[in-house]
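Below you'll find a set of structures to go through.
Both of the next two complexes hold subunit A, though its partner changes from subunit B to subunit C.
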Partner chain A sequence: MAAIGISTATMNGGQKLAMKYFTVAIALFGAQVLFGLLAGLQYLYPDFLYGILDFSINRMLHINAMVVWLLFGFIGSVYWMLEEEAGVPVVGIGLANLIFWIFTLAVVVVVLVFLLVQVGPGEQKSIWLITEGREYIEAPRWADIGIVVCVLAFFYNVSATFAKGKFTNIGGVLVMDLVALAGIYLAGMYYTPNISMDQHWWWWVIHLWVEATWEVLVGCLMAYGLIKTMGVRRKIVETWLYIEVALMFGSGILGLGHHYFWIGTPEYWFTIGGFFSALEPIPLVAMVVHAVFDAGHHKLKSTNNPALAWIIAQAFGNFFGAGVWGFMHTLPQINLYTHGTQWTASHGHLAFFGAYATMVIAFLYIALQKWRGDVYMSSNLVGAWKWKWAIFLLHAGMITMVMALLISGYEQSQIERAIEGSTWMGYFTAQEHRWFMQGMFWRQIGGWIFAAGFVLLAWDLLTIGKRETRPALQVQAE
Partner chain B sequence: MLEPVKLANFFIVFFSAASVILFGASYALLFAWSRVKSRPRLMMLAYAAYAGLFISVITLAFAANLFHNGFWTFIVSLMLIGYLAAPHAIWHLCVGTHADEHGDAQLKAPI
Partner chain C sequence: MSQTQALWWASESFWRKTAIWVTAGSFVVLIFLTFDTVKQITAGSKRVPAYANALNHRIDYVFDAKRNFQVPVIGPEEPLFGKMLTETEAEALVSHGKLTTQAKNCMDCHTLLGNGAYFAPDLTKSWLDPAWGSKETREQTMVEFLMNPTDKLHNASGRRMPNLKITEAEARATVAFLKWMSSIDTNGFPSNFKPIDQADAAPAPVAEPAAPAAAPAADAAPAQQ
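The block that comes next holds the complex of A and B.
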């Protein structure tokens, strides 16, 4: 890891390990962008890479790369703050390093199998060694078990470190969340030939694992990030962490119901899903009130401007991606037509980027500041244009993609679902419609802009602070 | 118990549902800003935003056929009352959680 202008001397063991996780995360982020571009091109040119790297494979790699790079980013972020929070070195750092290499190797093997083998016969061997074939969680069974083992080892490192040192409130919430992170993933490994039952458990992973345990994890990271970048008082941040978690779980757990509308589950899920979906905006309202309250009492001075900018981007991205885009089609009366169309893809793109990618990127900047030897990263930072243009291009690309997908999804919901009644013919009629194709074209333009933003981000991450000689600005905790 | 949205009402449903969240956020933002800065005029704007939210919820309810069923009518009432009360409740929590660090009288103004 040694390079010019890089200092690992002041970094603790957890932070050195975190840098490894961050490196893999960024590489996988690049893979996500690449396979997204290829999949997008295949909407415009259906023969492109046909028979070599089909759309189904590109899409699978695009989504799985996203899940795994965010997971690597989260694990890295937790290791980054672990020793500082607990006040003692990471317990079992050797195991943690070993798990990192096993996890990385497993990801490489899975990607190679996805690329080179791609599919197998419909038998148990394929499920165990090639792909489970279940949307979003296609990883073969051995890799599923590996993920759970890695998360359990991670849980051991984190909980044992807090147990040995001091258990802060952030630490307490984090440890409890990691139990759920390991436990709920098991639901995705339950196989049954009954498609309704299969989907019932599958949503536990997609909604509860991703939308609940990840949200809480991001809440913990946000709490630490605000303390580090703005010097917000720990007691306030931690109290609000509890409030946000309570609101999030209060509305979010049974918000799962809005995924159970059309999979053959009993009708009462309309009632439960509708009720809790109506409650889901409440945590967002709480976030707005609290942000204004805090902004009114803190001078917005930051030790790390790029990190703060990404934290602010997280608040807006989460609000629009999850809140506005989600509520637009969450009630069953309209979800009947939008479910599974590009409308969902539009919501998914903005919500994942807004709520999760932004937070991991903020942590990368927090980490890089220390890696560079605690250099200055506030206003008038040398070479600041790179991070500013990166954040602009990534957002401009994402917004273009989201709006384009929204138009295509709107057309699908009308023509495929409402007019043609969800028939096979209706599916193709909608896919060939001018509005749909124009949406796909503009989505690709957005993809290229996003890719340019990613390249600039990667360049900035490699160089930021390199020419800085000033020490980091000190912000006193209140 | 479920009456799907008519094709002609699709756009109204999407637009009014998005407006519910946007007006809700505007109401929360202006409400908190008015309290933080002690500017009662902003509170008028906050309640204007709530009026926008009210209209959006009612529009959504008509377009999505929510008034045709008792349960969904209850959900509409819950949204109207819940979104009205939420900023007040959150403000109380803000004042409570910050109470021992700010001796600021304006924060403890009766709500």
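The block that comes next holds the complex of A and C.
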């Protein structure tokens, strides 16, 4: 009965489009890993690619590839679930397809300029055409405008589809979240000579994306994922979603203040930022409880084991990476010594991977199952070793990197900050210290393990279910 | 308890309302705080000095017993490159410097106000760094370093700043930007910082913090290759 083999016939318009977004996302994930490896090597061999692809370029490509692949993954995931949620075909699917190609082309042009032009003269035109030179949002201004146009078109597709069909609770939260997500990006699109003002608004984009709107977006994706893979009752999932939104925005919006300790902003942010950011782990605990409880309640019986495994990985990764690792250095008394050290790198790696990469990968598996013609992906799946080893290697590599960076960060806070007082000499005294360099060495080992995990993941995504002849397991909706 | 009489605190509608109110409330508080913060960090305020005020005077970083951390202090007249600037001229110069830091992507190796990448030193108080040698040669040393950093020995780690084709005008503007940035009140970040000796050349006692830095700085200072 079930048509086994690659089949787009059963996929709706949004899902066909989602596959395109996922393809670009996984390619950019590969680029992120590659440039991360190069940048990591430059700590160990400073002359490696010196003057050709300097650390700044590799690091910029490393973090920008990440932002864009996660965005592509999120957009793809939303298109994937849109028609099923709203109950009607995606409104404006032609426009959506056009926007995909424009967005992809723009990304390619930006990357080529980053690689080939790299830097420009200190003039406005460099900011418009080459790079804005602001961490995470280095894309030149023309691309910023392009991103806003693409996101607006995406927003139109999503909101018009829900409006035409039915607004589920997931749909309602998603639409409100996208308004905030698009609006906040505008805060990063202006120039000022005042670095304090620059950083103040820059954090509106970075923090309110990563620690608020993106978190709610993955909350929506998790809600859909749990219904999809285990048949969890919608009412339970959606109630949890509202609890998460309340806790997430309740702590995350004013938690913004933990970035306002040292950039020239007033002292009252010590109290407000410290207090609210300390609450930020709470919604992440709620998400763990929620996901693990549901999985246990359903005795881990799912239609798609790899996807469920990545959803559980997300719950824990989000809690440890964003929650615990963030909390560890969020209070100003500690942050004075850790701000701008490898502590931040340790936290950033685990948080972005744990909270976001995991969720996109879960959706890739959900999508591929249907692409293979609703193939069986539950226990004793043929060739299951690949996804299991991929998830293991990616986590082993990530944890190695994160622990190594953390040790380097401890050493840096102690020697550069507490003892030497952050002068140029203090910085290098700490950087040349054996403990720091050991951390950098093990981070690179972790990077290689992670890269091996990525290769296996990519291979698995291309082949999973290929030799499987059983149809997908049906789960009873509660 | 029967299934139909759901607990009010476990109901979807209760949490929907809570989510809306909590989000809206937090956002309103944020907006109010933002108005105040933006006022306090506008150039020319107490925390973020006017451009000309910073460039035309000595900037120091001294311990404030009341606030219990170091704060920048604007001292006697000491114009950058020996030239007094009007506020308009100073802003234009700082702006050119800031544009240079963006166009050259400084933040993907360095941190500014502690934000950026961790491959190279923080620049928040770099104007005050003892690595520049003496206050008399500092400006010229910084300009030369920015324009041609590759062959200068930075440190023993082997990391070198690449040549970013910074022109002399861009380098001078960048130095102005860095001097102005060092005057921002960053609530004591970085702490325990030991600034360059800026005392006027009199037979005054040598400032304590600068002395121990002098010897090891030989391999750290770009100036003293």
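Heads up, the rule we're going with is that the second predicted complex is superposed on the first by the 461 of 478 C-alpha atoms of A that agree within 3 Å, B and C clash if a C-alpha of one lies under 4 Å from a C-alpha of the other, contacts with A are read in each partner's own complex, and residues count from 1 in each chain.
By definition in this document, contacts are C-beta pairs under 8 Å (C-beta built on N, C-alpha and C of every residue); 3 or more make two chains touch, one makes a residue touch a chain.
Fair warning: this is a prediction, and the values are worked out from it, not measured in the lab.
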| item | value |
| --- | --- |
| Contacts of A:115 with subunit B and subunit C, given as first, second, both or neither | neither |
| Residue contacts with subunit A in the superposition, subunit B compared against subunit C | C |
| Which superposed partner A:98 touches (first subunit B, second subunit C, both, neither) | neither |
| Partner chain in contact with A:336 - subunit B first, subunit C second, else both or neither | both |
| Touching partner for A:246 - first (subunit B), second (subunit C), both, neither | second |
| Partner chain in contact with A:281 - subunit B first, subunit C second, else both or neither | first |
| Partner chain(s) touched by A:55 [first = subunit B, second = subunit C, both, neither] | second |
| Which of subunit B and subunit C A:462 touches, first, second, both or neither | neither |
| Which of subunit B and subunit C A:319 touches, first, second, both or neither | first |
| Partner chain(s) touched by A:427 [first = subunit B, second = subunit C, both, neither] | second |
| Footprint overlap on subunit A, comparing subunit B with subunit C | 239, 243, 267, 270, 336-337, 418-419 |
| Subunit A-facing residues of subunit C, complex | 10-12, 15-16, 18-19, 22-23, 26-27, 29-30, 33, 36-38, 40-43, 47-48, 51, 91, 94-109, 111-122, 124-126, 129-131, 150, 154-160, 162-167, 170, 173-174, 177, 181, 184-194, 213, 216-217, 220-221 |
| Complex contact set, residues of subunit B against subunit A | 1-5, 7, 10, 13-14, 17-18, 20-22, 24-25, 28-29, 31-33, 35-37, 64-66, 71-72, 75, 78-79, 82-83, 86-87, 90-91, 93-94, 97-98, 101-102, 104 |
| Subunit C partner contacts - residues on subunit A that touch it in the complex | 42-43, 46-47, 50-51, 54-57, 59-60, 118-124, 126-127, 130-135, 138, 169, 191, 193-200, 202, 235, 238-239, 242-243, 245-246, 249-250, 253-254, 256, 260-270, 272, 336-337, 339-342, 344-345, 412, 417-425, 427-429, 431-432 |
| Residues on subunit A engaged by subunit B in the complex (per definition of touch) | 233, 236, 239-240, 243, 267, 270-271, 274-275, 278-279, 281-282, 284-286, 288-290, 292-293, 295-297, 319, 323-324, 327-334, 336-337, 410, 413-414, 418-419, 478 |
